[in-house]
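What follows is a group of structures, each given as structure tokens.
In what comes next, chain A is part of two complexes: it sits with chain B in the first one and with chain C in the second one.
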Partner chain A sequence: MNTELPKQHYRVDPHARFRVLDGEGIFVLQKAGEVLVINQVGAFIVEQLQAERTLDDVVTAVTERYSVDRAQAQTDAGSLIEALLEAGALAAS
Partner chain B sequence: MSTLTLEFAHCRYRLTGLLPEQERHVRARFGALECPAALAPDVEIEVVQSPEPERFMARPIGPVEYRVEMAYGERQIAIAGIGFSAAIERASFRTQMQTCLGDEWFLSAFENLLRVVAAYRLFSVGALVIHSAALSDGERGFLFCGRSGAGKTTICVLADTLRLTIFSDELNAIVPSGESFSLQAMPFAGDFGGTPIRHPPFPLTGLLGLEHALVARLDTCSQAQAVSRIVASCPYLNADPMVSEQLTERAVQLVDRIPLRVLSFATDTTFWSVLDHEYRIAQAALPR
Partner chain C sequence: MSFSNTIKRSWNENRLVSVLLELTYACNLDCSFCYNDLALEGQELSLAQYRALLDELASLSVLNLTLSGGEPLAHPHFYEIGGYARKLGFVVRLKSNGHALKESVARRIQNEVDPFIVEVSLHGAIAATHDRQTRVVGSFDRLVSNVRAMKSLGMRLKANSVLTLWNETEVEAMFALCDELGVPLQIDAEVKPRDDGDASPLEIAASASGLANYSKALALQLKGDETVASVVASTQREARVGTEKHCGAGSNHLSVDPYGNVLPCVQWRAPVGNLHERGITEIWAESITLRDVRQTTIAARRMLEDLGEASLVANFCPGAAHTHSGDPLAMYPAAQQRIEPGRARVRLPVL
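On to the complex of A and B.
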């Protein structure tokens, strides 16, 4: 099975602000005047994306840090990114 | 043309250029907040009459929830609503309102503009204007933040039956006070209604999020959850790219000092027994 992920980069959307508070992540979505909170794993993933890592690199970092298998990390990271793209918190770059 | 000066939450707002009919509407609503014209204002709001209604958002037919559109520029914040447009200078808060209205629609337009002006002015002096319900037992102040449907008006109705003092079920201000914060009334009411009156400030004792439940209960929440509830409840500023980071930082400072807790409540007055008990214990535990 080919598990290679696209070399796509993501960044925090220009209309959103992100910061980590006590491990959890918080997005302020300025267009909507709304706020999103993500858990510690999610905050770690967004921090990795901010460091300009590809999704493939992020999945590797998650498996190393949280002792999960690659398939699970790939599914979770993909779902999170998809949700954050839809919310306007992340943008593809 | 008339001039009127209103004062609330330690800020004075001077309106100039009012037509007699406009002045009458403003005075009928906010008269209790009027202060002597000799006192220098913190903010000047100039009303400019513009008789061409086609320049503004049209009046709707039938009932409508009043909304304003906003655009955030580097130097100005632009606002447009039914029958008016306005610009607020970021540096001085000097505001110019253009309007074709003179009847009760003028009051709605002015009140919506004043909410925005007050939110920015108070933010500039370290305060947060929060979409919230607030009440006091004459000794302690409690603020319940949440968007529409969270239960703010319900809490006010229930608190009213307990003869607690209701500030507002719509907008309230949290103002730095020494090492802590005080709760200040704002003259804006939601569904609970009421004419604005002057309330003394009270020490902010309880900072609460609201959840509906069958049994009243208080729970803690994480710092990120607490900050998100506060920021999401700060209208106008949380959508402003020029200030949203500063707003988040201020919310962090607030919840570090006064932790936000989540009040689950049923539609009865047992919520107050829980709050009264929990916050008496918390206060008694503070070092003297």
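On to the complex of A and C.
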């Protein structure tokens, strides 16, 4: 999990495309030719990252919007970002 | 969560996902059976209007953007439009005849537009056939050379073809050529009338024996016990699950011609608005004609269901029906031809 980098910024990888369709987040991984669908909370997290918010800011936003425990939000957001980095959907910026 | 379910929901909920832009009808080839209406008149969209359109489409969360033509590279602002589409995060599909896509051009497109896929047009397995259809000597050799160059750059490619009287004996060879090039090939068995309804392109429509050979060659590409008819039927059956519509025309996709006419899809040439008069967001939300189109796709589904199982292989297209007769619900010759053998099979046990 990437929580040791709370001030890190992430962005959609230059070779990926992202849209929110009907609440779900859709990544198109251009190089792999694959589509990755993430749920509403995941889509919200990626939208926050696109607005150039740090992981720390994103966790705060998730906590406020979904009324969840901060530690849980940090774990979930960190895991999602890690998975999306590994898939080539996100890149550190 | 699955992408196909998301797309299916977009049909039902009228969420715009894909837009095709015909940037220009100018072309560096001269195919005799081209479906574009070259006599169509109007004021071409400016670069500023394309930028405004793309901004609106991004706000609407449109994912897929196809740049088509004519030959899209012939548009004077192709790179500006393609680059802006990339910047806004669209998945860009480029439909080109491939004639201009030499290595340096392909590299520039890769760097500036970064398309998900480039689709090129193949008209035969040998130069004589391909060049006969494009009416440009040397176009086959140039296409093959360009495809090899694009493959070497790691670009994702697809070849599209239309089955005609002139290439119908070369289907197997066309598949073999594309296998050798490492490019998937899709052949449309139906020559379409021109967009203005002119039926002259049908003069080179494939013959009955050509269609039979095509089905045989296509079957060889399929695995196991599948036949072309069974694959088409299965696809149609799947498409009918979870929606009351026959297709997503005007429900999750639109096309825009070079003069700003907004169409339900590239084949359904009935404008539902014009971008010189209203923005795409307003047209999408308020066009009464577009609402009628959506209702027509529901009516088309019911009409086909009334025809029974045989209709699954008709591959009926309301847009093609509209071009043939002006009525998007009227059966047209190619769909009728596909449906007849299916009907016979369905009726046989009853007899």
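In this text, the second predicted complex is superposed on the first by the 88 of 93 C-alpha atoms of A that agree within 3 Å, B and C clash if a C-alpha of one lies under 4 Å from a C-alpha of the other, contacts with A are read in each partner's own complex, and residues count from 1 in each chain.
In this section, contacts are C-beta pairs under 8 Å (C-beta built on N, C-alpha and C of every residue); 3 or more make two chains touch, one makes a residue touch a chain.
Here the structure is a predicted model, which is why all the values come from computation and not from measurement.
By the touch criterion defined above, A:32 reaches chain B but does not reach chain C.
Once the two complexes are laid over each other on the shared chain, residue contacts for A:86 go to neither chain B nor chain C.
By the touch criterion defined above, A:69 lies against neither chain B nor chain C after alignment on the C-alpha atoms of chain A. In the superposed model, A:22 makes contact with both chain B and chain C.
In the superposed pair of complexes, A:12 makes contact with chain C only, with no contact to chain B. Overlap of the chain B and chain C interfaces on chain A: residues 15, 17, 19, 21-22, 24, 26, 28, 30, 33, 35, 37. By the touch rule above, chain C contacts chain A in their complex via residues 1-3, 6, 9-10, 13, 15, 17, 61-63, 89-91, 114, 116, 156.
By the touch criterion given at the top, residues 12, 14-15, 17-22, 24, 26, 28, 30, 33, 35, 37-39 of chain A touch chain C in their complex.
Residues 222-225, 227-229, 231-232, 235-236, 238-241, 244-245, 247-248, 252 of chain B touch chain A in their complex. Note for the complex: chain A touches chain B at residues 15, 17, 19, 21-22, 24-26, 28, 30-37.
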